[in-house]
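Listed after this line are the structures, all set down as structure tokens.
Below, subunit A partners subunit B and then partners subunit C, in two separate complexes.
And then the complex of A and B:
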């Protein structure tokens, strides 16, 4: 009998833990972050939302399965898995890549698409390819679209906040548009590519049993990770900037939430 | 009165998991245990691999749960002889570890008080005067005297400078890469599970609770992980270690830990023209208070770790390690070397300085204790990592023997396989020499230093007696401490002002007593809150219970000192309603100093302070410490 479940492949890379202080540095192959190998890493926050949503959907539709395709330095991927693998069930597909610096999104997309095609038993007719609509690190926000192109997926949605399976099997998808509004689309079915914004699910609790279950596939996947030659060869960098951390500390007690909100808005509006 | 000391068992269904060995905490002791054990699991050196007893046909199933949200968060920088690490990992070079360097030079420096606010005894003041008079001849510079030699027992010649955060990450990646053990950060263990007198595993902390531990959104009861052996390496203030102490008591020759210190440190980027060479090690004493020791270790790539130790025997009712740290780095001797430096990371931890004297039962049915919480720290040589790693490696060797022979993890077997190994090792020999070396500090800094020298030079046969250790020395009152500098009326006014404004007392009292205000520069001298956020990146995930609990808030209402607030490394404890300190979990760095600083004990239980420090989630988010 043919399964009605979905094959959900989530693409997600590494990002430095957002609390770290980042500092630009010039590496042998171009701009990089100072001491990047020493910084703790997390799964890119946008891709994290995609992964949680994927696991949620897979949990509701019998026969569904989630893969996480991740490109990065093998040691750092392993480090990240110690946290991510406790969250939701998935099977890891690891690709060994650069430890830092910038990569050409087209090369990254090619490596991701190739890895997805190589997943044994993947049913293209039941395929949902999900990821973050952009990257919290150095992505240009085009990687997922390029992955979809390479896989021949024509139905692509970006800035997705909701993905509902309707009784007739079609999808109702909410994409972010200007002014806090959503564009509503109906798509007849897979294959579909979705670049997620934040979705609506909270970060799942750490679950040791899920961690144990995931680790059975994580370590073999890391050991057999293929190396992808991704980088930024031939690219000339005119200028790079990092998000600037701004802090203005004031200790104030007994302010109402409205007063606090007004203060924050005033601070944001400062020239 | 609040809950029992160890998190109460809720009557809920808990998932269960089976393993062969479960470890609590991933510090140097557990890393040593797992690195050594993984060699046996994999069947290195021709021996057959270790097979699981709970999952037949599988290799030994080993799980390690770490409270912090990643490996290496919240541990400290160190200079170590690294004997045990090198024994476990032959051929390893410090250059293989990020921020690692071989020791190239060592200096011991006495810092005089350039400010005039330090509380120095008459003997120390006379000594300072002589040094200043003879300064030129002795090579004094920058209000500091570099001692012409360092006692052999303090030397770290041939040792390594490490960032413990980076070393733990390195060790963790090596272990995970082997595929032989599983490390799970962000997963606090709330208690050991007992069956009669036998430890049969651990219970993980409930998730999805409110601050009082009651089920809330997304409640996930902590799982029970059953294992034949539970390895307790949860450090000096670990709640499982304390649970076992309460349950099993202490060996007759052992005493409850009474000597502690809070170590506070920062990692800084040095300027391009810095003269500090990688591997340089500085030890300081004498300033900002004579009892406060300091250190600076220089890593490669113009990075340095530096900080101070504020001991429990510093009899000051207003002490915050952070304020002391700021005065210390402004001392001319350090300021000259740190000019242009910038804060990169910051953190604090407790050190258990009773060492072997407070050694608990090292083994019992189904459990073994390793590392600092097992009393392994050597207080004479100022060494803890080497010893902690060694105890872990010793346990691993013993466990491998027992497992291979098909023997149970019982108390008598573990005594023979682990405890006897430890007793016949250099860890025990050196701990015996150190055992009474610091007693003299209870009678002052000069007698303390002389006591250390006596113990070091005579192999522990002589020391300076420190008086009764049966009960903690009472903390001086503010009125007594500031006699001659502030009147009781002035102190009372400041106390009332701090209470009404929710502020700690130390800032204003220290300045009233002559300490200059801190000239914040936004680089090295930053506010305490900025150190938390920019340096320590401190945060706490939602959905966990508060881990600092006042068992009887009524006792706090009548507490005159509220030392817990003054000593808090992260300003997480603040004056609260009716005098009961308020706890802000999101600022806690989990140093545990509040636990041993609480001056109130529970009625009828003089060994139990009113403040309970339980296991909790969150804390420091930097692995550069």
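And then the complex of A and C:
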């Protein structure tokens, strides 16, 4: 297996830049974000980690290749590529369609699975389908599982922090479970689906050479992006509200550490 | 009429976990508001009889079980097969489950196999015009929606901690076995067990009353121009030991550890709270040396009472994100807090004097 490498397909969507203020708005086709098309976007954070881990693995196993399958409006995908394409080598598979949080993960998964199936030469016996375990939009943790289900992948892992190829070709995988612990599993080999948590790699620095190499395939991929109908059929949103975010913060500037400690102790001990 | 299936997996002892008992409570509440509906319980596990007997007084009209060694470990392939079989056997229209790591991994596939739909991270429910609606959060706890679905079966995973755990009396009961073929293809994955991260000293305590968040400021240069990482570690660990709080961190601090910087040795990505971390549920939270910017603060959505210690009076916590901001040196404050906790604590067993 290691002599021929892996086909690593990373699914990663768009998410609003986390520093942006978000506000819901009801449109003709259902709920969306106010001024959604104007919001700067990033590659979904957990999917980013999946991409970095995929590139790291592909770099270590000769013959491996990474694809990034991404659904969104073409212009937003292009915007996102300006930063992501400089991070690690990959080939983009773009899908034109709605990518907001109020779409249904089952419909998103159907579009992603179809795009993965259409990648020429993809070998199921060498296939690793990776992505973030939850998105920063819907945050359901459902999309990747359904992509795997549609591709017939029985071995699925979510909240993955570590994915090691062992000498016999099997995988040792750590998944997040309750209580700040990891479940340790051994899987005999591909095909495997992994929804990544943060893994262990930092964000790679921008590399203009990688950026130029990626952009050769990114622009054609964006131009030939297939359109997918992604919505939320059968779902009725009764209301979408912003939480009460503002608290009346009491700013305490004139107490000594001992006085503050007394206050904190009293507060901790209040039932 | 609706059939509500409570989909439960056992704990290591074959009994119901706290999360499973919360699901039972959810089913009982919803059943009361759905005239004519019936309640069915389906249990998956290596051995299920303790759980079945716990369910004797749950109000379930049928008890179903998928049982066997293959169904003991939390594994996607076998769990998805078992859940789908139970949903079909119960002819369920609504399926309620706990949002445990095990069910979160397996139930999307089960929904797909039953031509159903699924919602996760549900945090509440209501009856609207005679139909069930749930509430859940979007965009990392930045907005809350109430929604309904028409396709059935509808699988709903409630976040742990939403319902008080049901605690009915156990009694004699037998379940109807649902057969699932756990062929070798479903067992390509072998679960070895569970481990805590090597760097972690039991700092994550989901049931703790208090969350202490350590921000990147703990590792920065202090007034004397030097970083005091070891002192910070000692103060934080001392506080955690005495207060039994759970430890969270901001993204920046966890990322520093990934980049090999000298940082707090006991922090891992699992401690991270916020945009790319967890959204824990604790009654109180104390942020220290953390700026409280939005990517981190979104992880505080379910922390009810919030206080922060920061030298910057203009930090994010001051802008309506905390109830109280103490503008002070966290090193000095935490040392004083630890001293008070030490005075109040009974001596540990074997401690002289």
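Throughout what follows, the second predicted complex is superposed on the first by the 230 of 271 C-alpha atoms of A that agree within 3 Å, B and C clash if a C-alpha of one lies under 4 Å from a C-alpha of the other, contacts with A are read in each partner's own complex, and residues count from 1 in each chain.
In the analysis below, a residue touches a chain if its C-beta (ideal position, glycine included) is under 8 Å from a C-beta of that chain, and two chains touch if they have at least 3 such contacts.
Remember, predicted model here, so these are calculated numbers, not experimental data.
Set against each other, subunit B and subunit C touch different numbers of residues in subunit A, with C touching more. In the superposed model, A:180 lies in contact with subunit C only, and not with subunit B.
Contact with subunit C, but none with subunit B, is seen for A:149 once the two complexes are overlaid on the shared chain.
When the two complexes are overlaid on their common chain A, residue A:59 makes contact with neither subunit B nor subunit C. By the touch criterion defined above, A:169 lies against neither subunit B nor subunit C after alignment on the C-alpha atoms of chain A.
Contact with both subunit B and subunit C is seen for A:202 once the two complexes are overlaid on the shared chain. Residue contacts after overlaying the shared chain place A:19 against subunit B and subunit C alike.
Subunit A residues 19, 202, 245, 247, 249, 251, 253 lie at the interface with subunit B in one structure and with subunit C in the other. Taken in their complex, subunit A has these residues touching subunit C: 16, 18-19, 22-24, 31, 33, 45-46, 49, 101-102, 104-106, 136-142, 145-146, 148-150, 154-159, 161, 174-189, 197-203, 234-243, 245-253, 255, 257-258, 260-265, 267-268.
In the complex of the two chains, the subunit B residues touching subunit A come out as 15, 17, 63, 65, 69-71, 73, 98-99, 166, 169, 172-173, 176-177, 179, 182-187, 204, 207-208, 218, 220, 223, 225, 301, 344, 502, 527, 529-530, 533-534, 537, 539, 543, 621-624. Against subunit B, the residues of subunit A that register as touching in their complex are 17, 19-21, 35, 37-40, 75, 78-79, 81-83, 86, 202, 205-209, 211-212, 215, 219, 222-223, 245, 247, 249, 251, 253. Only residues 74-77, 80, 100-102, 104-105, 108-109, 112-113, 117-121, 128, 133, 137-151, 185-186, 188-197, 200, 203-206, 209-210, 243, 254-255, 258-259, 269-272, 275-277, 284, 286, 293-295, 298, 301, 305-307, 309, 313, 317-329, 332-333, 335-337, 339-341, 344 of subunit C touch subunit A when the two sit together in their complex.
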